[in-house]
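Chains here go by letter, A, B and C, matching the order in which they are written, and residues are numbered from 1 within each.
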Amino acid sequence: MAISTDAVDAQQGVDTTERWIRQYAHDHVAHLLVVAFLGAYPLVYSVLTAIGAGGVFEAFLPKIETMTAVFYFGLFAMSFDFISGYTGYLSFGHAVFYGAGGYFVILVANGKVPLLPPETPFMVSVLLAGVLAALVALAIGSVSFRLSGVYFAMITLGFAQVAYVFMRDWEFLGSNPRDGVAVSNELHPNAFEIGIPGVDALNLAVGPLRGDAVEWLFLDLGATEVSYYMIGLVVLVCYLAMQRMVHSPFGRVLVAIRENEERARAVGYDTYRYKMAAFAVSGFFAGVAGGLFAAFRRSVSPDNSLYFLVTGDALLASIIGGFGTLAGPLYGRLFDRGVREFLSKTGGGGGLLPLLREYVPPSVLDTGIVNGMTVGQSIETFLNGHASLYLGIVFVVFVLYVPGGLLGSLRDRLGGPVAKRLPAYLRNLRK
Amino acid sequence: MSAAGTVVDVLVSGLAKASLYAMMALGLTLIFGLLGVLNFAHGSLTMLGAYAAGLLMVTFAGSGFGALVWFLVAGLTAGVLVGGLGAAMEVALIRKLYDRPPIYQILLTFGITLVIDELARIVVLFYGMQPQTDWQAALGTKPSFIADTFAVLGGTVSHLELFEILWGVLTVVAVWAFLNRTRYGLVVRAGSEDDEMAAALGIDVRRVFTVVFALGAGLAGFAGALLMWDPAWAASVPLASETLLPAFVVVIVGGLGSFRGTVVAAVIVGMVDALMTYLFDHAIITFSGLPELTVFLILVGVLVVRPQGIFGLAEVGGH
Amino acid sequence: MSLLEVEDVHAYYGESHVLEGVTLDVERGEVVALVGRNGVGKTTTLRSILQLTPPRDGDVRYDGESLVGHETHEVADRGVGWIPEDRRVFAHLTVAENIRLAVPADDDVEDALERAYEAFPDLGEIGGRDAGTLSGGQQQMLAIARGLVGDNDLLLVDEPSEGLAPLIVEDVTEALADLAEDTTMLVVEQNLPLALDIADRFYVLDHGTVVDEGSTEGVSTDDERFERLSA
């Protein structure tokens, strides 16, 4: 009798596990689709560019390196959205967390951080980078969250600029701190490894030149692709963690703070604690993003990690992708990088320039328009290398007319988050 | 060097810096005071003013005292042009956002900055110059005697410093007179306090918004003209963010929207900057980022201790 | 034709429906009181007349012409003045500057100041002080003085006695009564005796609509009706 009950319980256990998995897969159809697409992207890219089609695919599809950069900066932009988009507190000094993560990883690797030897595994140091950034966030937040509106934006900007100037001129860091610091090639001839520390087989090195290459079944992945997958994996895990928090009761309190903080407080929430917690979480993931960035590039400089315009880039990604949508900023960053690569000065990643050279006859390019300026010259003057102009215009248009951004507008269309609406939508299609 | 010389050095260069900071910040505070918009594009407008004035000087100005007259013309023209651009910005873009949360005005003006800076880069490149580096030809239109120095009580004072102090004081006095001695200034002060009440008294607040935005932008353009002659600043595209950040500091330290606060804060920040620069120059402290670091520490310190700024109203933070 | 006609006005704050069809009118030369409990839409009625909270539906006509769709300053230019709740004097402007702003043409300022100081001699002595430093009673006098010098044909007065000491309330009542001699007024007031004292007619507002109206004559002595209005 007892035995049979156990059997039934076990049977039920399997059922619930299976149901749970099915339910989870069902809830995350949109995520699975995106992950599947991104997972197949390197393959698709190599096939399509190999076909050639006269360079059309190469012109429009972002390079794998570009996509990798989209991943880690996208994580930073998502962490920015986690605090600014969800609570409405504009963290204009967010770059300080990104920079903290980046500098920490490089300094640990160079043996400049007490107690941590240069051979500390990257996965450990990037985790500690996140923790450090979270602590910095708590320190900054403890005084900043007494303010709101433009004052909050300004005090966080002030803190970040203090860090920027300090790291820019601190000679302890290296001979020329203005140019940033790089990983010492003597201490680290090999690239940083992402995986499970201590288990060699479960680690893969990332980086454009020094990363690992993998041959597995019919797949032949170069260093570029390995970096893409490994960094993408970390970013995916971080995103899912943040996504879980955003859709928990905790996340709903954050939105309540954004909608009406006084009411949230009146209902009994200690909004200060919630904001601090959100800021720490946001700081943590920004720090991890900075760590990934620094590890991939093997260097970090004040201007590409701590300067307030780095926060501006996250803001740009968030607004275009969708403020307060969490996943949106990643797409926003993809848009940003995609446009920049398309209009690049050199045409290195495909883009418009080689395409024009290929298809537009020289006679057209040499036609004069005004004052002897030719078509070719005007393209050179107004298009290539000037993606910032068009991104700025798109940004302004989005702020004015598309406040929900790409993802927010899609949600409005569907009537809810894509991850929630897509399963129902698909079910309807099947009927 | 004598103690008196040190005091003269720090005092004069502090006042000169204060004048520049005041000119960078006055337009910003005027706009925030009335419209409640923290204009992130202010630095870009200053940068445009520097290039506009530089272009006029390079094209028309001769040397000697004549250049001073031309400088006045160039500065005023830059102010008018940039002011006109400001008015257009307000009417076409910013006006649409008055009833949205203030965060959107920050976003919008930040976006405008991206566009202006890139356009400037395009034009500068088109004329074969480097956007990142100082425009030497414009710096060169400065008459040589402006760069001269003379000794006072053992300290060194440059004509350029005196010139900057003169412009700073004139600008501050002019803005003060506008606000306190004209009917329009009265309207602006009233609108800054309570725009609904002002409208109910028959004042077309919208038009006043446009005029004040133009005026604030014009002041930024005029400040740019002065910076164009100062080798420590000079016309370049990055001048936009280089001036935006100190302008923010001054405006916040003084109390957002307060004219008096902005002037006082400019003097404080200018003096501290000069003192720190002196300490570094004389190797008393060897950290090269000291002046800039101190400026941002002042911002953070004031926001921690007295968030409304020195002369700001007590109720801060709401929005 | 009435000077002011409010016809079936609906107004919202965000999504909340504050005025649900308010209809009232004010004849030239009249003083009309608008009474009712807190939060029933009295202030919003005044704001919707001024187009500060533009009506989403219904019409507001002044001197026969619709005000809907016009800017607040245009409404003011036509001769509608506002003495708002909480006075809303410009705290950082001097008393004289506050008065000066209310005068339509700058040429008449000296004349207007004279008139204001004649009506409120106290203000004359403190003309150079910032209005923010004044007492509540003085601020109310200043707000009324602004209404006085504005050459208004219609004054919208909101809670003139709120937060004032009883002695000061008497002064305010007197000042308003003086002003009422040649200005039409619509007065929102919670202090019922005061309202009945200065008004010719009254409207009672509840939940965004007019629920009662009538002449103030005899209401003070009609205990039953007075009780009902006070409730």
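What we mean here is this: a contact is a pair of C-beta atoms (placed from the backbone, for glycine too) under 8 Å apart; a residue touches a chain by one contact, two chains touch by 3 or more.
Worth saying up front: this structure is predicted, and the values here are computed from it rather than measured.
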{"item": "Middle chain, criterion being Cα centroid separation", "value": "B"}
{"item": "Furthest chain, CA centroid comparison against subunit B", "value": "C"}
{"item": "Mean-CA-position distance for subunit B and subunit A (Å)", "value": "35"}
{"item": "Computed distance of Cα centres, subunit C from subunit A, in Å", "value": "57"}
{"item": "Whole-Å gap separating subunit B and subunit C, where each centre is the average of the chain's CA atoms", "value": "43"}
{"item": "Subunit B partner contacts - residues on subunit A that touch it in the complex", "value": "88, 90, 143-144, 146-155, 157-159, 161-162, 165-166, 168-170, 308-309, 312, 315-316, 319, 381-382, 386, 388-389, 391-393, 395-396, 399-400, 403"}
{"item": "Residue ranges of subunit B touching subunit C (in the complex, touch as defined)", "value": "183, 186-187, 189-190, 193-194, 196-206"}
{"item": "Of all residues in subunit B, those that touch subunit A in their complex", "value": "38, 93, 96-97, 100-104, 106-108, 110-115, 117-119, 121-122, 125-126, 241, 245, 248-249, 252, 256, 287-289, 292-293, 296-297, 299-300, 303-304, 307, 316-319"}
{"item": "Contact footprint of subunit B on subunit C as seen in their complex", "value": "50, 52, 71-73, 75-77, 81-82, 84, 88, 90-93, 97, 100-102, 104, 106, 146, 150"}
